[in-house]
Structures are given as C-alpha cells and as structure tokens.
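In order of appearance the chains are A, B, C, D, E and F, and numbering begins at 1 in each one.
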Amino acid sequence: MFSVTVRDHMMIAHSFRGEVFGRAQRLHGATYVVDATFRRAALDADGIVIDIGRAGEELHAVLAELSYRNLDDEAAFEGMNTSTEALARVVADRLADRVHAGTLGETARELDGLVVTLHESHIAWASYERPL
Amino acid sequence: MFSVTVRDHMMIAHSFRGEVFGRAQRLHGATYVVDATFRRAALDADGIVIDIGRAGEELHAVLAELSYRNLDDEAAFEGMNTSTEALARVVADRLADRVHAGTLGETARELDGLVVTLHESHIAWASYERPL
Amino acid sequence: MFSVTVRDHMMIAHSFRGEVFGRAQRLHGATYVVDATFRRAALDADGIVIDIGRAGEELHAVLAELSYRNLDDEAAFEGMNTSTEALARVVADRLADRVHAGTLGETARELDGLVVTLHESHIAWASYERPL
Amino acid sequence: MFSVTVRDHMMIAHSFRGEVFGRAQRLHGATYVVDATFRRAALDADGIVIDIGRAGEELHAVLAELSYRNLDDEAAFEGMNTSTEALARVVADRLADRVHAGTLGETARELDGLVVTLHESHIAWASYERPL
Amino acid sequence: MFSVTVRDHMMIAHSFRGEVFGRAQRLHGATYVVDATFRRAALDADGIVIDIGRAGEELHAVLAELSYRNLDDEAAFEGMNTSTEALARVVADRLADRVHAGTLGETARELDGLVVTLHESHIAWASYERPL
Amino acid sequence: MFSVTVRDHMMIAHSFRGEVFGRAQRLHGATYVVDATFRRAALDADGIVIDIGRAGEELHAVLAELSYRNLDDEAAFEGMNTSTEALARVVADRLADRVHAGTLGETARELDGLVVTLHESHIAWASYERPL
C-alpha cells in the first residue's frame, strides 16, 4: 500500500459544551496543523498516488472554509462539539467529497482511503481514517 | 476510525544483556518521548474519543512510576531487557489496565485499541499496538 | 553564555484591527507553543542556570492566565493587537516580573536575559528578547 | 504488534516526465529524510524486534546506493518516474531483500512487515508498506 | 528586540567543486526548508514586526526563482559553490533587496536585521545573519 | 555572520546532588540530542564555513566519549552536577579543543564561535555559547 501526505493549517475560535471540557468550555481557539494522507494500492500511469500539487490545493481550499472563523457561529456545526477528532472527520469527509467529484483528477477516483490528522499542540493530536 | 494521541516523557537509566547490544550493555540511560494513541470507532456523546485531559494525566501517572529510576533495579523488569519496544508494551499494558479499571472514564471502556510509541532519539523509535 | 529553555502552550481566541490583517480581522484563534529561554553568564552553585522544574511551573502559571480565553475581552489588552510578537513580549515581561519577585528562586535573580518564542503554526513564529 | 523505526536521509537529483508534474519536469533535486519501520508480532529472545544498530547500517547502505546521484542516469530507474512514493517502494524492496538474505540477522527473518516513509519537505511525505 | 519568522522550502539540483566535498562533487540535489527571520527593535503602529502574509509571499517569490532548477546552470552562481551557507546568504540578500525596495511595506523599512536558515536534512542546517 | 549546525545524540546515566533536583537525585538517564553550531564571519575559499562531514565526525567522536556511560563514574565530572547546561559546555569546550588542534581542518581555525545545544526532551533544552 502506498500513501502520500500533505500538510497545511487553520486557525479557529470555538468553545465546548459539557463538563468534561473544563476550562475549554470558555471561548478560546486553536491552530490545527493538518495532515491529509491519501492511500492507494497501486501507483497510477504517472507513477504517483495523486497529483501532490492538487492535493495541497484541495486541502488548502477545505481548510479555507473553516479558517479564521468562530466555529460556534457556523451552521454546519450546530449542536455538535467541534473537538479535534470531530474536525478531523469534517476535513476528511470534505476531502472525500472532492475526490468523488473528480476535483483531484480522474485517477484519484482509484484512491483506497484517507486519513486526516489535526495537531492541536506539540503534545496532542487526533485522526480520522476512512475508506474512499 | 478515530484516534486521539497525547505526548509526555520519562528519563530512565538501564543496561542490556546480550552481545547484540554492544556498548549499550554498559549502564546508560534514555529520555523516552512517549505518544499514547487511543482508538475508537465512534465518538461518545460529548463528541470525543476520550477526555484528553484525563488521558494526559493517566499517561503521566504511568510514566511517573518508571521515570527517574534505574530500571535494572526494578523488580517488574527482572530477567527482561527493557528495550524501547519492550517498554512500549509495558506502558501500553499499564494504560490498558487503567482503561479497564475505569480510570479514564466510563465511556473510555468503548475504546477499540491503543498504540504506544517511545522515541529514544531523533533517529529511532519503537511502538506497541494492542486491542482493548 | 548559558541558556535553558522550557516549552509549554496556550490556546486562545482573538481578532485583529487593521486592514493589514485581512481575514484575521474576524474572530479566530490560535495555539501558541511557547518556548521560554533563560540566559546566564555563569552557572549557580548547583551547576545550573535555573531550577528547570520551577521554570516550567512559572511558565505554565503565566500561560494559564491567558489560555482558554478570548483575548478581545481581556482588559490588559484593550486597544492593542494581540499579535504573536506582542504576546511574546507579554509573556516575557510577566516572566521577568516573577524572576524579579524571586518566584524562580534567589539565584535566578542573577539571570542576564530572557527570550520568549511563540509558534503559531508549523510555518510561522515570533520572539521577544529582553535583558533582566 | 511491535515496530522499530530508524531514520536516515539521502540527497538526489532527478526530473519527472508528464504534464502533471509542472515545474518538476525540470532537473531539480530533493533531500529525502527516510524512516524505515520494521514490524513483528512478538519480540525475539533478546527482547527486541531487530538489532537497531544493524537496521540503521542496512538502511544507510541502501540509501548510499542512491544518494549523491542524478537518478535520471540510473539504469535501475529507466522509464519510471522516481516520485517520492515510487522511491519509498524501491527502498522498502531493497531492505526486504536484505532481510531475506539474512543481513539483518537470523531472527529478522521473523519480521512481519516493513514501512518506508520518505519526507520530501516539511509539508509533504510518502510511504510504502509491504509484508515480509 | 522582536522577531517574526516564516518558513517555506525549495528543491534544487547542484554539484560542488573541491575535494572537501567528496561524493557531493557528483550532481545531486536537496530540499532546503527555509526560515526567514525579520528583526525589529519596536513594533509598528499595527503592533507587528512585519505583515506576516506579505513576508511569506516575498519569501515564496525569492525561493521560486531558485526552486526546481539545476543551480549549476544558473548564471548567478557561476564560479561559486552553492553550499547551504552560501545559499542562505543569497536568499537573505534577495529578501533585503525587497525590503529596501518597499515590497514588504513602508514600515518594513524600519527592520533592523534578517536571518535566513536553510535546513538541508534533519541533521544539518546553515544560517546567514545580516543587518538591514 | 554565517553558521553551520550538525546534529547527533548521546545516551547517558547520571544522578544529581542538591535538593533543587528533587526526584532527579536518583540514578536516572537521558538521551541528549546535540546540535553543534559553528560560526564564521566569512566563508572560506571553498565557499563553506566548515567541512560539514568532518564537523559531524568530530561531534560524533566527542559524544562517543560520553555516550553509553554512567557519568557519575567518570573522573572528569567528579564533584560537579552533569546538568544539561553543564554538559553543553563540556561538549563545546571539547569541540573547541579539536578546532584549535586542527582536527576540523586548517581553515576551521578561522571560526569565530561555537554554540552547543542539548535537547533533553521535547519540552526542555540548554545551550552554551563561546568564542573560538
């Protein structure tokens, strides 16, 4: 199995609901350094998993929809906690939609899976992994 | 599949038995930067894999039992080489015990697995992965 | 010249005023991974620059006053942009106050200077350096 | 499952054929920071996955065959694009040959698998994973 | 003293002349992860050292003039070894030209100095520091 | 001013004397990831600060004298605490001796200074800087 990963980041504000979150129930924020990994059993005719330039652009586009925002005000996240793990899924699912729509190129439709990791600090990160 | 990882570290002395270890048969030591990854198929009612604060505290507690010690003197490791990979298992198993005992919270009992990685330097690390 | 550095982090929300900030004029947030460096010409009687344990605790205390907050609501920052470089100075000055107050130990009064670096992402960071 | 990883690097020149590569069709180069991960279900009699010293030496030997070269001139790569993902497979297959030849020690024949990751920059990397 | 740093990268081919370079006399290549640090004694009216967005764009523009090229073919480097330290100076001097030309904004003319660091691998890097 | 840095590591056991060290008064150990920075005002005739290959070898030789040892048993450190900052000086002074002895090459005698940084974990490091 082959994989290719690209890294970018986003900066957001949010707050959490639930006692388990302690001080993080207050409005605060985070930089998420985001790694998107694209998996594929065999390389395409060009000898690659995916056009890495396009992969970076699509990840950047997905993150631009979230970055520099207060996620508490976004309709898409109403009623959910935008935890690091939950946001990893949001980014992965939006990337998957773009793969299926052909935005990452025709051969990207042969990708087998996707992993998205959000690093919230030097001591904590979360991932979501899904098939394509 | 979701995962959440927390990082901490420990500093220990030890020596190895066996020719394969060369100079590391002498008493020496290591800083292990330790990553503990908790895996779960679905998020809990709060939208998380695990209470990340508690996860960090439990990892810290497990490492505190080992840190600032000469592992050659610890009864728990009598007759075994405390290699990086062997210590990764020790940390993972002790974390698993705490998960089963409910120390990481009731919903942590639904965790699917655990990976522990010990970084012994900038050019070498080892992992142990197990189900829960 | 000797130096010792300890690392911690804080997670905050804020917004900026001024066209130069573009989209960052909206309420957003950041994780700052914070490095505090203590400089000293000669080691103390224990052979150290500073008690590294206390240094970490004092840095943690300074960051706890800022973390999990919306800095736009803090009286201390009224009328100023809480840019990464400006916050580096805030952290450095508050650490310097603690050094002068003796919170970092008597011999810490012999420190020569302080550098604080705030990493806002994997591709951007800012520092403030001052004498003590 | 246990794993042990060692890191080294190589510096090469190459160019790509295919419109998808844009400016990378020109002769350019890369530093690849290379992580080789060895997987094994159980530890050997010494309590290790593999002799980490030998693992590092064998990885270094494999990379020395590629480093400080223009890959466009290497017969082994005629007709293929030496993409990061394709080179990850080359390194993994050459390490697997050495494992099978016994160069990494007799007990290394019990290894279950191998993952090789090539980091081409701070924002992009690729992996190839195979059984042994 | 304040500073702000932005990071980007370039990928180039080159070779060196001189016995001291050993195997690096052959055509090979490198990824340079490049950190550009801008220093300033006092913050500007917006509370910043420099417009970090513009700083990143200007660094990217300087690196784009070098990236995806064989530096042996560039007239600008005729008769010189494009060592990591020499390239750090090239990047710093070109950034300084842009600062003086006003490309980084009017207030950037008040910058005191510049440091450029090129990371050639995980175990080697070089810097060039200059006043402005 | 130019600089070149090379990285290596050592693994040692030791203990500290003095109440300030708390649990670190017990025999324990550390991995030190060591960065040695060589500074020079102008490049030599080959366009470099120092032969980076030799610099790496000399750093490795200095660290080999310390690594895989219990520093409490070394005559060289009798009566001193081998704190991270004190060891940074030991490494820097031993490298300086080698520079002065000509081991790093004739042109290395024109070096202006040296900085040695020892990383003891992901959250703490210490440096010693000296002229040459």
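Here is the rule we go by: a contact is a pair of C-beta atoms (placed from the backbone, for glycine too) under 8 Å apart; a residue touches a chain by one contact, two chains touch by 3 or more.
Worth saying up front: this structure is predicted, and the values here are computed from it rather than measured.
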item: Cα superposition angle of chain A on its copy chain E, in degrees to the nearest 5; value: 180
item: Winner on C-beta contact pairs when B-F is weighed against A-D; value: B-F
item: Proportion of interface numbers common to chain C and chain E (over half same, under half different); value: different
item: Repeat of interface A-B, chosen from B-F, C-E or D-E - more than half of residue-number contact pairs shared; value: C-E
item: Whole-Å gap between the CA centroids of chain B and chain C; value: 31
item: Centre-to-centre distance between chain D and chain B (centres being mean Cα positions), rounded to whole Å; value: 27
item: Shared-contact residues (touching 2 or more other chains) in chain C; value: 7, 122-123
item: In the complex with chain C, residue positions of chain E that touch it; value: 1-8, 43, 46-49, 51-53, 56, 105
item: Chain E-facing residues of chain D, complex; value: 7, 9, 11-14, 23-24, 26-33, 67-70, 120-123
item: Parts of chain B lying in touch with chain D, wherever the complex brings them together; value: 18, 20-22, 80-86, 88-89, 122-130
